[in-house]
Each structure stands twice: as C-alpha cells, then as structure tokens.
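Presented sequentially are two complexes of chain A, the first with chain B as partner and the second with chain C.
Now for the complex of A and B:
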C-alpha cells in the first residue's frame, strides 16, 4: 500500500524512512498479537482492514475531506465533545500516543519522569510520524492531569494550531459551570475554524451520530457478558481504539455487524476461549494504538478480558447525550451533563469510578480486576491503592500493574499475570 | 526542654519515642547547618530560639490559645488566605512536611513515585510526630498539583477535620471567579469553625497584620541585594520558613529587628561571606523545615544564596493585599486579587513565573540560577526545562537539580554545585 501514499505522507511533512519503519513494526505487532488469535469473529476483518490502512486510506479520506473544505480536529482526550466538532461540519480524530518514538529527543523537552502517553505524543510530533497530527487543522489539548496540562505549554512551541480547553477538578456547581463555559468557548472556536454556524439542527444530528456510535459499543460490551465470551478483549479493545479514528457512521455499522455475528455465536455457545476461562476486568489508564502489551499478556496467560474500565473503553463511551433537547441551550446543557459524568481520576474526590468498577465486575461477571497504571501517571496511580483496598474488601481479587510502553518488563509482567490468573481458577 | 512538654505531646497523641528521636535529629541538623555558620547576625538568635522550641514553646502557645477557645488551622499551601483565618480569630500554622518519616508505612497508602513533600506530610501523620497537625482544629488541603489533590482523598481517611479548597488551573475570568467562590466558602467555613463572624473591622485588621509580616520579609529580601551579602541564604530561608509557624506580630517585629542590624552591617560593608562571593538565585519547589539540604550544599560550596523564588520565599510573600478596601466585598476582592497573582506552576500557562525569575536575577544581582525540583513534582519539573532554556537565552547560567529528602545524593549534588559555582567565578 505504501507506494500509493508516499506522496501524501511527504506532503504532510512526515519523515518517510522513520514512518516506514514505524508501519513495519506496527504491522508485525498486529500480526503477532491480533492475527495470531484463534476463533476471531469474521466481522473483525473490517478492523483488520482499518488497521492496515490506519495511516493510509483513512488519512486519504481525511485529505479528501480537507480538499472539500472540511476541517480536521485532533484530540488527546475523551473530554473533547465530538458532537460540537461534527455539528460544525468538521471531523474529530484521536492523535497518536501509544508507542515510544525518538525518546532521546522527547527527553530534551519533557522530564524523564513523564508518563509514556505524553512522551509518546511528543515523540510522534518530533519524529514526524503521525499523519493525524500533521493533517489536523486544530489540535485540542485539555487541562486534565498536571503532566498533560504542562506539556501542552511546550507542545505549543512545536505546533501552530494548539487550542487548550480548561477542565474542572471538582464535581461541584462551580466545576460544572466551568465545563459549560469551556464548551461554549469551544463551540465558538469550532465555528470560527470551519466558518460554519452550529445550528440546533446540525447539533441534534451530531448528537445522534455520536450516540449511535456509543450505542453500538454498548451493544458490543453487553455481549461480552456471555460465557464463553464471543470476542477477545484484544479485539474489543481494538474496536474501542478505532472509535477514535474511523468515520462515525461506518464505525457504527461495522460494530453492529460484528454484534449480529456475536449474537449468533452466543446462541451457539461458541467462544474465543473455552467456557469458564477466568474473566478479567481491566481498569485504569487509556490504551492508545499500538499499546496492546498488557491485554496481550493477559489473554496469552489463560484469561480473557471482559471489559475495559478506561477512557478507551467504558469510561469514554458510558452515557449517551440526552436527545430530547430542541433548542441550542437545551442541547448544550445535555452535552455538558453527559461529559461532566466522566469519572476521570483528575476529579477529586472521584467515588463514581470506584462504583463503576464494582458495577462492571458484576455486570461482566469478572473473576478479578487488573488495575493498569502508566508509570508516572499520578492520578491513576494514586487511585489504584484505594481501588485495590475497596475491591479486596468485597473479596474481588486485584492485581496492580504499573508499566510503560517498553517491552523490557514483558517477562516479569507475564509471570505476575499468570500467577494472578492461577489464583482465580 | 523535653521534660516540660512530654505530657503536652502525649495528650496530643504523639509517639513520644519517635518524636524524641525526630527532635534529636532536628537539633543535630540545626547545629551542623545553622549554628556552624560564621558571622551570623545577632538577631538570628531569635530564630535559633524559635527553632529550638518549634515543637515546644510554640505548641504550648497554641495549646494556651486553644484553652482560651481560639481555633488552630493547619495548612500545606500559600493559597490558604491567612487573612480570613485571623479575621475569624483563629491561628494559621504550616504543617510538617520537610523530612522523611515511616516511609514504609507511607508507601502502603501512596505510590512510591510521589514527591517527598507529600510523602512527608503522610509520614508525620502516620508516625505521630507533628504536633501542629495534631493540635489543628481544621486541616486545609487544596487542589494544587495532582499529587496533593489525590493524596488528600487518602489523608481524609486518616484525619477527621480535613477541609479541601478547590483552586483554578488557568488565570482566566472563570478561574478568578472559582477562586473567589472558594474564598467565600472558606470564609464561611472559618466562621463556622470559630463561631466568630468576620466583620469589615476584623478583616481589615487581619489584612494589616499579614501585610506587615510580608513587608518585613520584603525588607529583609531587599537587604540581600548588598555586596557583601549581610545574611546567609540559609538564615533568610529560615526566616521564610518560620513565617508559617510563628505568632505574626512577634515574627514581624523580630524580622524588622534583624533588618535594623543588617542595615548597619551593610553600612559597614560587613558580610557573611566575602565580597564578590558568587550569588545564586534558588528557584523552584518549596522547602519546608527541615529540608535544608540543597541550600546547605550551595553555601558550603563557595556561593551565597541571595533569593528564593519559591512558595517558602518570594512566590509566597510577593504582593501585599490592597488595604484601601472598606467594605467586606471590597476586601474579599482585594484578597482574591492578591492570591490570584501567585505564580504557582499549577497554572497553565504560567509566564509570570519566568518573568519573576528574570526580575529576581536582576534585582538580587544573581550570577546564576539553581532550579530545584522535588523528584516526581510534575509541575515544577515540567517548567524547569523551558525556564532553563529562557534563562540561558539571556546568558544566565542555570543548574537544574532534581532531588528528594534523602541524604544519599549529597556527595553527587555537591560535586555538581561546586562545578556550577566554579563556572560563575
């Protein structure tokens, strides 16, 4: 495929050699991790195609949209409301942040003790290997954790089109009013970027499009309650990852198609792993493409992942935006209400997250929880200890993992995960 | 002195053996670091006395105040407005956080990769060795960095009287209105705690008391412009540390008395170090008692510290609260205006801090800047890199230090500091 896209990548300013090398590693990793799985649903072939073209056809589509005057908005966080982007006739894409790249360059700009996700986002920029970043007409940062908040000050010196959204830290009335003010400001910024006025009609339609995407993912999640589980955690994670990249309508259709297939599998008691395989709820930090290390370790250690309590997972997709609003004010309020419920660890206190983890354990009949923190991610590392204590008080086994994107600890992690899975059986 | 206070400490619930051991280490450290200095101003004998009685007489005074119905409020941050505490007839004290204590217990509650200051505050609680914490009727936490914000959730399970203040992250109108709302809420909390209504008169008087304390410190700082420097950085830091503990009026008087003496010294060209000793501006994280490691290394390596760009230093004491307000509303507005200017690294962006560092270099005729970050303190670590770049672009030498409270790196730090000082001469 590369030959067709070389000039496109070159025009985007990518470092072609480095980018080729990245695609090779990505392709090899995908083969070893995803294609090596057994009993995959046929519908996953769509996602295999999407991933094989994630820097190719999808970027081509974005470039075609740009040629037609549509704007591309890049984001690093689930607090950026896709509804407002779509309503202004723009496209929202997640930006690359799941692999280490030119770390020696990154560590000239960021402290070594910065989480892998933030370092990665800088690595993709400095290494010139993220076509999403380079094609974005606006990059949206957000004041979530200290690491991202402060890193955007430096990212702002590397890119010309960074927009930073402030976020509350407390779920108070004052906090909600801050989010409302920031979403109003973002709505204006979208209109200014695109030259398109957001109307009640366009916003209503955008809400429906994003809700449909979330509903498809909710349907997929619900099917993972079955025993045996009809889809692997890796494949379900992949769908959650592609959520951030794909054309929304096509994504919704493709996920629903897989769900049709999974329903048949469930009827036929057909699973990707044997019945009564130990069931794991994965909880914690988001996993951006191609950060598949821990799920791969878990699912090659005798367990199956039945849910992701993560921004790339239920934390990101939980709750629909209320569709009953008719006026702009009503809809903006619904959007604020929906996002204000996101139980990110940047909020203090954040009791909803603990409740959601417990609920998910019950809903998906998980035998244990693996809590995943990126090293130096203070919000999730801080929460991991009270989460562990609370779950163990309910007799739910917990394994706390702290890692980064390197492969150095794979052996050690596998040993720990295997021992944990062993105790669940 | 210990015999007189044993029963008081016991009543406060301190672990007497551990506390005795702490006082011994503290006393020994004070002797080796402070009393070993040459040419100290005579007025420092007041601070020597204060430090020798920091867990004794000062606590006795607080207990006497409590006996008379006055409330004690403990704080970990310069954003807690002392004006409102005093106006409600209560006393504000800084809480212990400058030394490692029972780290193995602390690391059961907090991630290992948490900054030393936060871990220390937990260590003093778990080890039962902070009489300030134990005598406080209210402990005020604040949503500054992620580490503190999330740690307060756990501290809340260890103490019964934690009050958490939310803080803005951006210097916007929205951010200022959040600070205003939080200071209004804190004012009500103070009134509720003490049963004393804050009046325009009591608030005006409180503003004057706190301003007088700040003015005395400003006077002390200004005298450090002289060459030779009439007071060591260690002794000036000590005054800035005692700022958080002492009776405000007595503190003001004592600092002014030292200033009288320093003025004479300057007239007589008398210094603590020889004329033209290399002058260092120390910039970065706060240094709580007894965290004297780095200043001690610097001032035993051929340099003198002429200013602290720190919460325990000019970041904390810069700017008086406007005293012209007559009504409660006007004074509350002045208080918000004063604290909203604090250039803490939790704000994004935070250009004022860089400007202040440059200004301080010029004002105090510093030959170089040593930037001090606590390990895992993301906000200051993140800022240290652009700070270094900006200063070096102005040909101001910078040494970036990242350390904790342990003594393991003293040798290595001393080598680096000596090499840095060498290049300044």
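Now for the complex of A and C:
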C-alpha cells in the first residue's frame, strides 16, 4: 500500500500498526479468493483496483471532498436513504462490519452472543482501523434489529456524531407514517449538517443518480441468468459491496462497462464456470467486505452463485424510486414508498421476502438455495425455518447455514456445501 | 475392475476394495497425527484401478495421491447404505468428530441432510472423553451403561462442560453406571432430534463408529420406538460407498 497514505491515516487517528495488519490480511484474502479465480471478466480489474485502494485512494477522495466543505455520512444499513444525503451535497459511505477485530475489547462492551456484524462494527471503532468511520461527519445508526438498536446506545459513547434513525417493524399505514416522519427528520438533519437546503431540483437529481446506480446492478443481475454464467457470484457480490463505497457516477459507469463485456461473453457462450454448473441462490444476512467466506466455499465446491437475496444484493437494490414526482412532497413520498418495500427480516410478518426468494429461484434458474444466517441474528435465523419449509414444499432443495466471521468452521461448512452440491447433481 | 474407497475420518481410517459389488479387501487404522502417512500405509502393496477418498481428510489425500477423486462422507454413506440395506431411506452416522442424519430418495440419492455444528457435542469424541472420565474403556462403555436401571440427567451437551458436570456428579457420590447411561441418553436424544429434522422415513440405518456402542443402539430404538438396522461393520460404510462410487465413475468414464 502506498506510503503517501500513512499521514492521512495518522491524521484520521487510525492505529497504524493494526491498520497495516488488517490491510495485509485483506490483501492476502483478496488474492486467494478473488484473484485466484479463473476466467474473470476483464472489467473486474476496475473492482480489483477499487479494493486495492479501498482504504487509500477512496479515502483520499473523501478527504479532498471534505476539504472542499462536503460532508461525509456513514451508514450501516440500506434503510438510510442515499437520495437525501446526495441532495444535501454530502456523500454516503457504508461502514466497515465484515471482519472480526479486537474481539476481546468488543466483548467488554457487548455480550458474547451478539452477531458478528454488530461486533465487527465495534471492533473497527475500538481497534481504530476503519478510515470511513473516522472520516465521517455523521454516523447514522438505525433501529432495525434489537441487537443493533441496543448496540447504538453503547456506540454513542464511543463516537461523537451518532444519529439514530427509528424504523417501523410492521408494514402498516402507521409503519409507513413512521418512516415518512423519520425521513423528514433525517432530511432536516442533513440540511443542518451541511448547511445546504435540499431543493426539488437537487433531490430530483439525487434520485436519478441513485436509480442509475441501482439500474446498473439490475443489468448485471439479469446477465447472471445466462447458462453458462458469465460472472462468478463472488465478483458479482464484490460489485454489490463496492456499491456502498464508491463514487456513484463512476460506479454506475464501471458496472455498465462490465455488463457490455458480459453481454459479449454470453453471445459467445463463454462462462466463468462450465455450462450446467449447479446454480445456487444465496439468501439471508448481508455480507459486508471482507466477509467472503461462504461464497468462496460455495464457488470452490463445484457450484456457481447466481443471485444474492440480501441487503448487499437484490433486497437492497431491486426497487427504484419513482422519478415522476416534481414537488418536494411528491418526491419524499416516492422515496418513502421505495424504502418501505425493503423486505428486511425485522418486519413482522414478512411474506414479501419469501415471495421474493421464490421469484428469484425462478428468475435466475437456481437449482437450490443456501440460506445464510449470522449466528445470533434472530430475525434471519427465525425466518430461515419457514423459508426452508416453503421452498421444500416446492421441491427446491435448501441448505441452512449458520455461521460467523471466524474460519474455525470452514472444514465442516465445506463438507455441508459439497454434499449439498452433490445433492443437486 | 478393482475399485478402492478410503474414508479418512477424525479418529480412524477405513479402506475397502471392491470388485463389482463384492468386498475383496478391507483394512482399518487409527488416523493419528499424520493421516496421509497412515493412508499410504493402509494402501501398501494393494492394487486398484480407481480410488475415491472421503471423510475430513479427503482434500489432503487428493493433493498427495495421483488421480484420487473425492466425495463427501454424506454421499459415500448414502451409497454404502444403499448397498447394504436397499430399503433404507434414513441414515444416522455418528463418527469420531461429527454426526449426520441423511434422508434418501427412492433411487438412493440424497434428499436432505443435517450435520452437527462445529463442536464435538454428541459425537464419538464426546463419549470417549466421558468414558475416560468415568474410568471405562470405550469398548465396554456402552455395555456397562446398559447395566444401570435409570439414567441420570446430564444437562450439558458441550464436551468440556459435560466433563465437569460428570466430575461433580462423581463427587456427589452418584452411581457411575447411571451417569454413564445418562450420558448415552443425552447423545441419543440429540441424534433423534437431528433425525426428526430430516423426517424419518421407513428403515433407519445407524452407522459410524458410535453404532458399535450397544447402549446407543438400544436407546435410539427406545426413543424412536422402531427397530434400527446396524451394519455388521458400521465403520466401513463410508469407505464401501466411496469404493462403489469409484467403480461407477470408472464405468461411466469408459
């Protein structure tokens, strides 16, 4: 990694030794998991570059933006509306939560049986290794699951700029009103943070920018229906992960560029794995960088992932915001309508998610579903059983996996995934 | 054509060679700390046309032995059981380090399976540690436990916690045989709940090293209220399945 960044990281208050160690592990993991793949599309070189500079050049860009007075907002969830952040002339970034870090420190503040994602977000803070978190002018926490909701109370003692957004748990009119009220409050908070008034014009433009980003991902997803599949699930997941970090316009352009290449590949029947490789739909908890464990196990066990029913995936990106609104009220309503459709497992009941999983199995011609839950993530663990039952009633094979970020269960996971793939062939 | 199957488990390694569907050679050894050396030792002066490795050491074997292929234990057990008990649709395999419940389709293919999580709870290793804590050899553990008239409830499923629980039961002066029986009951209950998750269908075959334990077999039959089938040599089922699969793959390659 470039030495020029050392002073930037130091200024951000990172623990340089620990951060170097993290980057080394990340680099090694990336090498073994991504660069070791065969037949990768050339367009992935952009994402390789982004990942190699994820704590470097991208942070430098954010610092330059800050120098020009632009604010940075960090988020842990797809319910934080990027449209409102962009409209207030600020930048939204996803915060680090995909790897274990200083767990012994984390467990002084959080119970052991807290999910790996929440623990990780604390680990990055306590270990001083997340430059996104440290450069953020505002950190948005959101009341999704109980774990996160309560953890934010403690996180609030560790950071000085936490903003907590309340979220509905039921898809009722009252639920929608709550979301509307919270988005109105967030809009005001953004204006206060940036000193920029959100106008109908700036909001309209922001809606278009974020929709374009989502549409590019839709295009990428649709290309994965092909047999042979033109891009690995790991690479597609990476694009979905970079969605949360990159400059939106540049991201959109890069994803569209890779799609052009994939279209040619499909025409030439060129796949990343042989034709008729068993196709897996991955469904469940979000996978934040560098949580690549399960996709890596799946794609080195003779199967290919054709879709992610996940917040870092289709659950997070599938709906666009209606662009027909002209007034502020109309546009705010469209944004609320758009986000209210997200079928996160915190909603009860949550039939939309089940329908969406079945729909994705058909759309992407999946041979089986692997349901992934983080250990101690009650909402997704609870839903995994009805999901399994419903799919099995339709004769769709399901494997339920419960795991965390540690590598100790890789051997057993590999056996289970391999046996599941054998079952599909 | 002679085909070999080798099952490299956490505690033991089994080797089976078949000609057609007849077993013409079988060997067993302890896994120890160098499974490849032990495997090569088992294979010494044997000839075969194809070999498939299974068990947790299969990947290592694939690296060290030319032209070796691998299948999971789950597929290997399914194939082995289909050979020994064509009617069976449900398999319980409790080995040294993990346990599995497998349900089969009419054609012998896997319909669904469950596997224990990362620790040794409810496996052969659990029983081994407990036998030692109570001063039994693993071979007599089941037989001795069966002599008790009741089982003492053991609350911990974790091998480490259960061992301390056993220590405190001994310190309280509880009957050693009843503790032993209680330990068997806790493993059996866990196995039954795993079987119920895959839904039990017709004949159940119990295989793997723990199937040699008579108390486990007895308790499983009691809890399931049905007879369970146990292969003559429950530890070779995986190796047999792998050998048969090697034969089938060899045939399809021609």
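Going forward, the second predicted complex is superposed on the first by the 423 of 425 C-alpha atoms of A that agree within 3 Å, B and C clash if a C-alpha of one lies under 4 Å from a C-alpha of the other, contacts with A are read in each partner's own complex, and residues count from 1 in each chain.
The definition used in the following text is that a residue touches a chain if its C-beta (ideal position, glycine included) is under 8 Å from a C-beta of that chain, and two chains touch if they have at least 3 such contacts.
Here the structure is a predicted model, which means the values were calculated and not measured.
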- After superposition on the shared chain, which partner residues are touched by A:100: those of chain B (first), chain C (second), both, or neither? neither
- Considering only touches as defined above, state whether A:349 meets chain B (first), chain C (second), both or neither. first
- Using the superposition on chain A described above, determine whether A:20 touches chain B (first), chain C (second), both, or neither. neither
- Query: If you stack the two complexes on chain A, which partner ends up touching A:143: first (chain B), second (chain C), both, or neither?
  - Reply: first
- Taking the superposition as given, does A:408 touch the first partner, chain B, the second, chain C, both, or neither? second
- Message: Is A:114 touching anything from chain B or chain C once the two structures are fitted on A? First, second, both or neither.
- Response: first
- May I ask you to name which of chain B and chain C touches more residues of chain A? B
- Task: Return first, second, both or neither, reflecting whether A:181 touches chain B, chain C, both chains, or no partner chain.
- Result: first
- Between chain B (first) and chain C (second), which does A:418 come into contact with in this model arrangement: first, second, both, or neither? second
- Dual-contact residues of chain A (chain B, chain C) 402
- Message: Under the stated contact criterion, what part of chain B meets chain A in this complex?
- Response: 108-111, 113-114, 143, 145-147, 149-154, 156, 164, 166-167, 169-170, 172, 174-175, 177-178, 181-182, 345-346, 348-350, 375-376, 378-379, 381-386, 402
- Of all residues in chain C, which touch chain A in the complex? 56, 59, 71-75, 98, 109-113, 115, 117-118
- Query: Which of the residues in chain A end up touching chain C in this complex?
  - Reply: 392, 397, 402, 408-409, 411-412, 414-416, 418-419, 422-423
